[in-house]
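For reference, the structure I am asking about is given below.
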Amino acid sequence: MEKIFWSDYTTNEIKNIISEEDPLVIITVGATEQHGTHLPLNTDTDLGFNIAQRIAKNSPVKTLILPPVWAGFSPHHMDFSGTITLKQKTLFNVVYDIIESIIQHGISKIIILNSHGGNMSLLKTVVDEVGINHNISPILVTYWHLISSQINAIRKSEMGGMGHACELETSLKMVFSPQDVQEDLMEDVMIPENEFFSVDMFAKNKIGIYQPFKNWSESGQIGAPTLASVETGEKILENIIEQFTELIKLEWVDEDVNEKNN
Amino acid sequence: MEKIFWSDYTTNEIKNIISEEDPLVIITVGATEQHGTHLPLNTDTDLGFNIAQRIAKNSPVKTLILPPVWAGFSPHHMDFSGTITLKQKTLFNVVYDIIESIIQHGISKIIILNSHGGNMSLLKTVVDEVGINHNISPILVTYWHLISSQINAIRKSEMGGMGHACELETSLKMVFSPQDVQEDLMEDVMIPENEFFSVDMFAKNKIGIYQPFKNWSESGQIGAPTLASVETGEKILENIIEQFTELIKLEWVDEDVNEKNN
Amino acid sequence: MEKIFWSDYTTNEIKNIISEEDPLVIITVGATEQHGTHLPLNTDTDLGFNIAQRIAKNSPVKTLILPPVWAGFSPHHMDFSGTITLKQKTLFNVVYDIIESIIQHGISKIIILNSHGGNMSLLKTVVDEVGINHNISPILVTYWHLISSQINAIRKSEMGGMGHACELETSLKMVFSPQDVQEDLMEDVMIPENEFFSVDMFAKNKIGIYQPFKNWSESGQIGAPTLASVETGEKILENIIEQFTELIKLEWVDEDVNEKNN
Amino acid sequence: MEKIFWSDYTTNEIKNIISEEDPLVIITVGATEQHGTHLPLNTDTDLGFNIAQRIAKNSPVKTLILPPVWAGFSPHHMDFSGTITLKQKTLFNVVYDIIESIIQHGISKIIILNSHGGNMSLLKTVVDEVGINHNISPILVTYWHLISSQINAIRKSEMGGMGHACELETSLKMVFSPQDVQEDLMEDVMIPENEFFSVDMFAKNKIGIYQPFKNWSESGQIGAPTLASVETGEKILENIIEQFTELIKLEWVDEDVNEKNN
Amino acid sequence: MEKIFWSDYTTNEIKNIISEEDPLVIITVGATEQHGTHLPLNTDTDLGFNIAQRIAKNSPVKTLILPPVWAGFSPHHMDFSGTITLKQKTLFNVVYDIIESIIQHGISKIIILNSHGGNMSLLKTVVDEVGINHNISPILVTYWHLISSQINAIRKSEMGGMGHACELETSLKMVFSPQDVQEDLMEDVMIPENEFFSVDMFAKNKIGIYQPFKNWSESGQIGAPTLASVETGEKILENIIEQFTELIKLEWVDEDVNEKNN
Amino acid sequence: MEKIFWSDYTTNEIKNIISEEDPLVIITVGATEQHGTHLPLNTDTDLGFNIAQRIAKNSPVKTLILPPVWAGFSPHHMDFSGTITLKQKTLFNVVYDIIESIIQHGISKIIILNSHGGNMSLLKTVVDEVGINHNISPILVTYWHLISSQINAIRKSEMGGMGHACELETSLKMVFSPQDVQEDLMEDVMIPENEFFSVDMFAKNKIGIYQPFKNWSESGQIGAPTLASVETGEKILENIIEQFTELIKLEWVDEDVNEKNN
């Protein structure tokens, strides 16, 4: 099978791939931060990177994956040991410089696959800056946003159950890295929502706030990990991959067709 | 009637208000940018600032308004004459420094009232930085987000009709500044949506991209300004104010009650 | 009458004005800071913005006014409640970005009308940076500098009477915003000068220093507001407008004539 | 066997390890850049990260490894496709922020294991900044520096043979990732040295210069990969690990003994 | 005689001087830039540094001199070969860091002696930043400002004759470094003034602008060097020193007396 | 004799020299920092600047010297009074801006002559940035590195004797500025080395660390100043000049010959 990792190629090989196949490049941006009592610090990075590999294998266009940006914007988790955080400016520049490097080599199809909530706004500001300076727009996808229409049919938890180290993340970990899930330590922490704000990943929040995680949850997790299962993880993953495949088709396959027809 | 503008007070007056009434302060952040063929460059700033005044007059807590931050992040509108844009770093620092100044004078209740889509992500990064450094979270509200549950009952346009210089903004302008609306120049520009992205203000977009506005619309507007009306504007405004009032009560009135009860 | 505010125009209107009339654009930079016991925080911004409007109405060339930059460099006033200050870098970037935006739309006649002493040096560094990068020099005018030859015939106070919230500013406020002047709270604070430095706005200071305002004056004002009057304000204003008109003629009307003659 | 990767632990586990074992943390900093005709872009990162794992397994003190910083300072390789480079400021901040995060969690024993020549000076400036601000000095080790006394007894190539994608790197790759070595594409590129400067990794250069790699070598590699072998790789590795073990003992084991004796 | 240069002392000596004599420290900031046809690039730096030495020898308080900051802000001279310019940010930081270093060693009496017009505004922003962060105000003196009341009795040239490489600078050079003055190359360049702006060093300019020097003068100088003389130079110098002595007495001798009396 | 200092020329003279002789320019970067009990703060700057003058007088190509950058990166010496330090960013920008200025005037032969150990890594990052942006590589030389092959035949001290204010620096000072050496205060401070690190200037250190100087030496010096002598100083100097001459020949004379031959 073909190699999907950018860095596994030699310079000559990558040069050929770019000129012949005009590949899509996925940059995953995760975090190294506390994930409650039962999941390891690698959770966000691990999930994003594994999802990217599944996408690459199913992608309708040649797809390459960069190594993961494994440190994100996590100051709100710094009360919890092990968390590593980059300053906003630092994370901005890392992702920006990486994208600028690949653009310089001729890449124009770029997905930033984000797997950490705390990175969302900042990564959008990176997309904007790339757009201003390079006339290319990376597509920013926080992976769970892609399945917002599907999730209610899948989840077992009610609103509040998918927050952090929650039903969703634990289920996906069970699929990708079951050895990382300490099931005996799983504990649910449900935070009541209000009309303007909920900690649930699928909430349609009307306001933006900053909150140290310790204020939400002493143990670090938010949601219902005890409702997680491999089956749920697999359904979620399947839907994510489907959506990504459709997105890639919409953006780059149909477009190519359209262009050829003109 | 009492003065609602921060700057209209003397230093001694403001000192007394802060120590006796612990006021809420609203910072409006808008833009000076093209608003299609029929609305002036002031549109975003004007709407945000007028809404803030209505909020202040209806607020359950003492509320003061700062002068508007009238230049936002608008590089995607720079193809259109008259647009003024700040670099991301500049806008970040302006809003950050203003907030830091009022925090230094003892203010802890802060709403950032945003009225320009392009500012959203950047302003969230400001909220985060304030939160990290000051243990206070300003509440970021992009005003139309507050009425996402109500809008479908109000709007005449279908999805795509509320984008930029659209049914919503034109209707609100008709309420606040009818002299600014050149009805004879109104023209609808409808952009088809797809499953991942729509230009409509109320779309639940699953991806983030950058797009120069010229690529969407030659004339600058997006949506259906011809469906705008004073009546629609008044309904929208009424709902916005109701929601803001509720938010303020939830955040600061009930909290005070709770604290007193403890 | 024609609209004098940049932002009140649509993008198409402003485009036409620029290409047909090559307008002068005035950016007023003020402050939001304590102005003693009897004047509000808005004083500097209000005065600069009102002066700009008078200039525009009397200008020999088409003149447009941007919204005011209402936060300046005021750390020396932060001991007084209500003062809002931008860091030097922030103020630099705000004014720089605004100017760069209008230059991009074709503006080459630019006046920075400053109404706050604390902004003077910093704004000169902005002028320099614009000059280096754009081959256009904005003209920086701190408004009272323009009437240095006339003021002695107008002022009632001796040296030291025109400092901050003083005879000059109070008189001008009486003209533009009489409701803002709390005459019963007016109190003179006279600081002795020496041969190298005086706090008077018209002093020819030989040295540059930094001093927190509290060290000069417990109450915030410096000078003789009790000598202020509407008549004085009107004379001052008349002279300011005359000087600005002459400056504009010298810079842009005569120049055009000269160029036409070549 | 015990887990050696920082991120594989939960927050509670890492907290316990830190308080009970005061572990050494290794941060590897590599690069993603061209490595000639026969080695992949991952070479530097892969070598550093594999060496770190061997160190951890042999370390006389509890040792944890962070995920690799896989993008380095490589502008001189940007003529070669696939190379990714961070700006100096960006790389500085990434490494600095990571170190500051772990210091905040109580780590004081830190090794920065560098595997890319282009990073050396910059990483020393990071060490300095950490030292100034935190009273802790990370130890910066560019791995091949550790075996400068041993290398002559091991290498087959003469001076110039160990530069980039060379005898040394190819031999180590043969040990760690033989599948990455395309032996049929190996080709030697020998650059003559002078008395002040040589491209050899073990040269004692008397001057510092900047040179785009293309100027040295059209194909990207410098040195004698054809002299590489698994045996050489194993000898090199053995010596590296020995030296690291000794260094760790000297810095942290003997020191602990000394402190206990006081 | 006692050494007047900070750097000529050992660390122990300087420590004693600081604790026993609380010395005044002078930082001269000049430029390396074209000075017309007859004066060398060193002119500004040389003049400022020589003046500082005379001050130190006449000073009523123990006075030490730092080495000169010999590169200033001179982009407007870059059309002329040999000019060296620092970016504004760079010059700001150099002077700021130097001042912060000596403050850390206990110095509180500081004069920034500026000898280049282009540095004036920027150095005032440094004074402000030091004042904000350290509660100490350096005193900024552009040396010719000190003799604005005396100059008319001394100068031979009319307004416009003292600009750059002019009557004043040439006369001072004749006193300090006669070998640097190529009298046969002296040539006057007189620029007409207007009511708002003159290039003369003693003009009371009402506006601030940026102008590349080439636009003023093809040859680089502005003013009347042919009217320069040693006698004029000596009179100017005498007055400068008198004024500095008085300033030092006013700031630090009388103050000490005052404090002792309290 | 011809003038060797850049700043002693007029703009026209320097323009001619550049176009006719394509000169080498030397920038010396030193420090103002404690040099133990017997040497003044000026030591590093003084040595570098004197060496540069000797080089210029012996140089096979036309050579000009800029004024010294007399403040370096010395935070590790700030415990000792009198030390002046620039932040890393500041020193970077100063040297960068100076080099950019002379490149703009047509200079392409540049030596950065460093005389302070603390500046080494940072100056290499400057060389890199110049190389990236200007396609010109300054040559960075820390002067003692040039004589690493010769030193053992000259030095009287064993390893550890040449560190800071040591046998080498004291001997050179005895040659250049004997009045600066307080021989009665000389005292040796020998720090034991280990296999990875030694404080000796000629050590081939295998690791990089940060250490406040106070931790090494209470009195500030490291090494054996009591073994210094004028004779040693002269031998060292002679070797340095020889090496520099050879380097210049290699880089710019032979190259010119080569180019001419093609």
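Lettered A, B, C, D, E and F in written order, each chain numbered from 1.
Quick note on the criterion: a contact is a pair of C-beta atoms (placed from the backbone, for glycine too) under 8 Å apart; a residue touches a chain by one contact, two chains touch by 3 or more.
Treat the numbers as computed from the prediction; the structure is a model and nothing was measured.
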Study note, to complete from the structure: Chains in contact with chain E and also with chain F, listed by label, are none
Check your understanding: What is the chain whose Cα centre is as far as it gets from that of chain B?
Key -> F
Practice item. Average the CA atoms of each chain to get its centre, and name the chain whose centre is farthest from that of chain D. Key: C
Exercise for review: Tell me whether chain D and chain F, two copies of the same sequence, contact each other through the same residue numbers or different ones, using over half shared as the line for same.
Suggested key: same
Point to revise | Selected pair, out of E-F, B-C or D-F, that shares over half of its residue contact pairs with A-B | key: D-F
Study note, to complete from the structure: The larger set of C-beta contacts, choosing between C-E and A-D, lies at A-D
Review point. What whole-number Å value describes the gap between the mean CA coordinates of chain C and chain E?
Key: 29
Practice item. Between chain C and chain D, tell me the centre distance in angstrom, where each centre is the average of that chain's C-alpha atoms. Key: 58
Review point. Once you find the CA centre of chain B and the CA centre of chain D, what distance in Å lies between them?
Key: 50
Practice item. For chain E, jot down the residues that touch at least 2 other chains. Key: none
Check your understanding: If each chain is a dot and touching chains are joined, what shape do you get: line, ring, star, complete or other?
Key -> ring
Check your understanding: Could you give me the chain order round the ring, chain A to chain D and onward?
Key -> A, D, F, E, C, B
Review point. Residues of chain B touching chain C in their complex?
Key: 5-12, 14-15, 18, 32, 34-42, 45, 66-68, 70-71, 78, 80-87, 89-90, 93-94, 96-98, 101-102, 104-106, 180, 182, 185, 220
Exercise for review: Within their complex, state which residues of chain E touch chain C.
Suggested key: 73, 75-76, 88, 118, 120-125, 127-132, 137-141, 145-146, 148, 194-196, 204-212, 243, 246-247, 250
